[in-house]
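Naming follows writing order (A, B, C and D), and every chain is counted from residue 1.
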Amino acid sequence: MELGLAHYLTLAAILFCTGILGLIISRNIVKILISIEILLNAVNINFAAFANFADLDEAKGQIFAIFIMAIAAAEIALGLAILIACYRNRHSVDIEDYTSLKG
Amino acid sequence: MEVLQLLFFGMFALVIVVSALGAVFCKNIVHSIVSLVITFLSISGIFVLLNADFLAISQIIIYAVGITILLVFSIMFTTTKDDNNLWIAFKPRTLLAFVVAGSLFILLMFNITDKFTDFNKNPKLFITKAPKESTVKTLKEQGTTPIIGKQLLTTYVLPFEVLSILLLGVVIGAAVIAKKEEIPPC
Amino acid sequence: MEFFINNVWVIPALPLWGFLLILFGRAFNFYQNKYISLALTVGSTFIGFIFSIFILLYCINNPETNTRYNILWLDAGNLKFSVGWLVDNLAAMMLVVVTSISLLIQIYSHGYMEQDKGYHRFFAYLVLFNFSMLALVLSTNLFQTYIFWELVGVSSYLLIGFWFDRPSAAQAAKKAFIINRIGDFGLLVGTLALLFYSLNWWTSTQNVLLEFATLGQAGSLALANAGPVLFGLLAIGLLLGPIAKSAQIPLHTWLADAMEGPTPISALIHAATMVAAGVYLIARLYPVFELSTQVMTIMAWVGAITAFIPATIAITQTDIKKCLAYSTCSQLGYMVLAMGIGAYSAGLFHLMTHAYFKAMLFLCSGAVIHSLADQQDMRYMGGLRKKMPTVAYTYLIGTLAISGLLLSGFWSKEAILSSLYTQGKGLLLVIALITAFMTTYYMFRSYFMTFEGEYRGKAHFHKPSKVMTVPLIVLAIPSAIIGFLFSGSLKSIGIESFDRFVFNVHAIHGDHGGLFLPICSLIIALLGFLLAGVIYWDKLTSLYCSCFKNIQKQITPLYKLSINKWYFDDFNNLLIKYLILPISEFLSIFDKYVIDGLVNLCGLSTLYKGKALSLLQNGNVQTYLVTALLSFVAIIMVMILIYIV
Amino acid sequence: MEFLSLNILIFAPLIVAGIILSPLFPNDEIIVRRFAKGFAGLLFIYSILFMIFFKPHEVGYQFKENIKLFSDANWIEPLGISLSFGVDGISIILVVLTTFLVMLALIASKKAITTKHKLYYSLILVLTTAILGMVTSRDLFLFFLFWELELIPMYFLISIWGTGKKEYSAMKFFLYTFFGSLFMLAGILALNYFHVINTGVSTFSIETLTYSRHYDIPFMFEALIFFGFFIAFAVKLPIVPLHTWLPNAHVDAPTPVSMLLAGILLKMGGYGLIRFNTQMLPEMIKIFAPILIVLGVINIIYAAFVALVQKDLKLLVAYSSISHMGFVLLGLGALNVAGISGAMFQMIAHGLISAGLFLVVGVIYLRTKTRTFSQLGGLGQVMPKAFYFTMLLALASLGLPLLIGFAAEVMIFYGAFTSDSLEGFVLSNQVMTGLAAISIIITAAYLLWMLQKVFMGNMFEKWQKTSDLTPHEAIALTFLSIPIVLFGLYPEGITSLFLPFVDNLVSHFTL
């Protein structure tokens, strides 16, 4: 058995679905952020895999993975800042307490 | 060599899946962060397997160190003892989440395993292409860093600079958002 | 003389100018002086009066006069309505009657209204009425008549409601207008139907639609096209107009209430001119009515009943103006009765004589009321003959005239009665004679109660001014002699009988029934006088005690019927209260709760659907996410399925 | 003639609205109002010039305009949509009516509007543009565009400056009209579709679709198109049972807006019925005339009865509006010259009269802060001028001869009575007209009752100090009274403008 693209993609898919699962079922806001990181990592694996198997000459996938990392860092920084701001108001990190969007 | 690769891949993949599930399902938030760090580190191993040494290093620096520290700090700021008991929600959406995740996985697997090609009318979706001789040489001697560096400073220079502005904005924004509100003068 | 005929438009045009001048003069406050309003009013009427006199003389000399002039007013498709003027003997007679009575009443009004703060308004309304009435008289076609028919109605509305701060006046004005509108409705539908059934003939051969001169031909065409039943309905529709305007039963109730207006108005509009316009219109439409004997019979019976019932009501009225109002109603019934039995000229003759003496009677009552500080109840009058002899004697002349005791009323009433007699309408004749008896009775009753005996009131008396008494004296002259003048007895000196005079307008000869009837009616009138005298004249009351004391108790039910005006008003009120208003209320509620309810239900149902769906919007971001992803997965699945199949 | 440009007439109010709204314009009530008023006066004079230079005997559009924005092509060339304007017999008179009533509404705004002046006056001017565009557009799509544009200022005018349940009323008005206009849009698109499949050219031009339509649309579809238009205009006119937005909107709208709503916007329904349902679909109107007449008679009688028991002054006037608009339907259903001219005339007459009545209601409300009949009474003693003007308006409204309402009613009654458009229907034209004529009694009853309750009889002590008309109100009412009397005496002045058009219209479906 040769290690091919499909293996990496499968791994990324499993990781992605785990991320989705965590995103939906978590109650802790920090955990939701963690799930988002997992999602992004799954994507990164995909990018790196494609770069390796299809386009190693220019490695565009790796460049995009780098961009994604930067943006992930930005996202988590902002997200946590917002979390802290929210926490200051509600004194809770339980997502069930944040229902201002209720129609 | 191939067997070794396969062995490493299997090991890393197992660790990734288990630790990612752990990160999601751990009851204690600190446990899940530890689990997450393990995931990140394993992913960097996967990157190594994928000829992406720069990414692997970046992964460790940004994710396994930077983001984790942020997360730990935020937990310190926010979580009280009660919040430690926040586990997964037992709501209708939990069930739906499993359905969604499962069906999404099945869909993705359809795609990956070429079962899709029958109705896609595009039989070779993922064309794998062997790299040039020069590239292989560069890789062997210097790794991917020169390739990425050249690309970033030529073709992708604009996104690169925009990214730096974004990060600057984030630094300021995060500081502004997270800082304590001043009591407005009466 | 030709000049006056050709410029007859001046007669209604001057009051119109007068109206506009007063309106703008007052609206922009150009003048304060009451005499300017008065001069504009009286001046316009006076010139009109001079014109009318000359036109009448011309018509007497040229009995065939029929001058017409038409202006196209409204033109749309085959609709061509004109306005204009028509001078023939009938119009000439009406012109003189209207302008002469108007003139005197306007002068009288100056005395009556001098202290009123609405003086200018009063005269503005008065000239407006003058304009409408004169234009109505001069109408060349039915459509024009309809226009001015409504305009006199609105002038009457304005004048009845002149003292609009009195609730009763406001109510009476509204009632008058609405009841007249019922008549207008009939007139409008009748006119349209008449036009419709002869439309091709009108549009193909005539320039002026609905012209009176050719109404006969159109009527027979309509009869041929519509058949007798529809034609009868059409004619009844047309008749509804005069019924309302001339206060015939069952649309008579407004006339008594109309006495809420100032007394000169009661004299001018609600006794002499406007209410007589109904009879005038019947005369104009005679060629149409004649075609249907059933309608003529209906007309005669409406007239007869109207002559009878108001007379019985007048017997018990204590308000002097109400008494006169019911008397007017009754006399108008006489005229319509005459028209209905084909006594065309007799009806018009009675119209003319009645206009004079009834106007005078009303003015007398106005003088009395004015002198007694607005006291209208005859029970608080009495003995006024010594205090204001002029008024008393003119009132007596009027009373004699209306009773048919030798003055003008005698001649016209006799003409009607003899027509009834010669045509063998026994029952109608009996009703007419009973009415004549009652007329004499209640008129003398009012005379005795007001002018004879002792003064029973408390109000301070002040003498009526010259402005008010002179018109009375002037009016007394025609009231006394006009019947004799046109009776045909003066043929030798060149004055034709009234019968001959209107013959040229519509060729029907009056009937003469010999000597029996005049004597009979005189006797009946004398009986009425005696009865009134016995009950109400202090010089004869000694008889009353012995003969009549017991009778009163036995006729209580009849008395109640009379004093309650035969319950017509109550019936109308019940009709409105229990039929019209409930329908309206029902429709209003239906509108609010059913139609609008359905509309709001649509809105509410959307709202609740939204509410139900908004349960999904529980505020939890993850739920939204899972929904979105689920939909995404579902869409992909469906697409895959489509590809597979 | 060169200086008469419809473009200027239509878009000048929009530009002026922009000027007023711009932050550079001084935010001073008096300056804003005088500027808007002055502009409206100029606009009215300008529109009068159009009427003077209008040649009534020419059939078809005059003063044609076709704005080409960037090149020689029409506005949206591929779909055949053009920014084309023009006036003919029935629109010229509505153009003048619009500018006239806008001017009066602005004069009457002095006391009625107390906040957000800049926004108010600019919205009124936007509304003017919408209405003028509606009556002058020669393109169906453009018509629809303006039809929708008119809703927006109207919504804000009611919901911001109104009283009572203003948001509810504004929303109801908006949704109701919108609901109707969807059907119209479907009709417009269907007309275009059939033109495309028959000729291969896409066009929305009213002239082309009216006069050069040489193909047959399948009966079912033509009927559906007819009803699409009909529902839109039925909501606007309004026709019972689609009328319930009107009492709400009128009662809650501020006085000047009520004037415009009753005076012009309701007329758009009648205008649409003549322009589209009658002129474009003559075959259909011949078939569906009985529906028009039956609905017209129901409108007349039903609304009159409902008006009879209203306890609110403004509601009474609103229902009288509905009743009077029924005459428009009755006249249209007659399908002869007299009837359609009468319908047109009734629209003008009602536009003037109802605007006046709403103004008077506003005047009374401003002083007494109530519109309930039981609270009013005897006001004629302290407000004689208002009393006389109301009397004039009420008499004109109930169809008094020699005032403007009468000529309209006569033409309509005559047209409906002598028409045979109901041939084969259960009831004849004559019976239906007879039924409609009952309204002359009921109309008199409720209007005179209104006069009696408000102005006559005893006065409450509390109204002793009520002041009479201010010069502004008096001027507005005088301006309104002039055409009411003038064209009542001389109806030819109006009818001569649109008679050739109506003649031509009728000749098309009698052939």
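Here, a contact is a pair of C-beta atoms (placed from the backbone, for glycine too) under 8 Å apart; a residue touches a chain by one contact, two chains touch by 3 or more.
Keep in mind the model is a prediction, meaning the values are calculated, not measured.
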{"item": "Minimum number of chain-to-chain touching steps separating chain A from chain D", "value": "2"}
{"item": "Separation of chain C from chain D, taking each centre as the mean of its C-alpha atoms, in whole Å", "value": "37"}
{"item": "Rounded Å distance, chain B centre to chain D centre (Cα mean)", "value": "66"}
{"item": "Computed distance of Cα centres, chain B from chain A, in Å", "value": "6"}
{"item": "Chain B and chain C, separation of their C-alpha mean positions in angstrom", "value": "100"}
{"item": "Shared interface positions of chain C, touching two or more other chains", "value": "620, 622, 626, 629"}
{"item": "Per-residue multi-chain contacts in chain B, two or more chains", "value": "89, 93, 96-97, 100, 104"}
{"item": "Sites on chain D at which at least two other chains make contact", "value": "none"}
{"item": "Chain-chain contacts as defined at top", "value": "A-B, A-C, B-C, C-D"}
{"item": "Residues of chain C defined as touching chain D within the complex", "value": "73-79, 81, 143, 146-148, 150-151, 154, 157-158, 161, 164-167, 169-171, 173-174, 177-178, 181-182, 184-185, 188-189, 192-193, 195-196, 199, 580-581, 583-585, 587-588, 591, 595-596, 599, 603"}
{"item": "Residue ranges of chain C in contact with chain A within the complex", "value": "614, 617-622, 624-626, 629"}
{"item": "Complex contacts: residues of chain B adjacent to chain A", "value": "2, 5-6, 9, 13, 16-17, 20-21, 23-25, 29, 32-33, 36, 39-40, 43, 46-47, 49-52, 54-55, 58-59, 62-63, 66-67, 70-71, 73-75, 77-79, 83, 86-89, 93-94, 96-98, 100-102, 104-105, 108-109, 112-113, 126-129, 131-132, 135, 139, 144, 147-148, 151-152, 156, 159, 163, 166-167, 170-171, 173-175, 177-178, 180-181"}
{"item": "Complex interface listing, chain C residues touching chain B", "value": "620, 622-623, 626, 629-630, 633, 636-637, 640, 643-644"}
{"item": "Touching residues (chain side chain B, partner chain C) in the complex", "value": "89, 91, 93, 96-97, 99-100, 103-104, 107, 110, 119-120"}
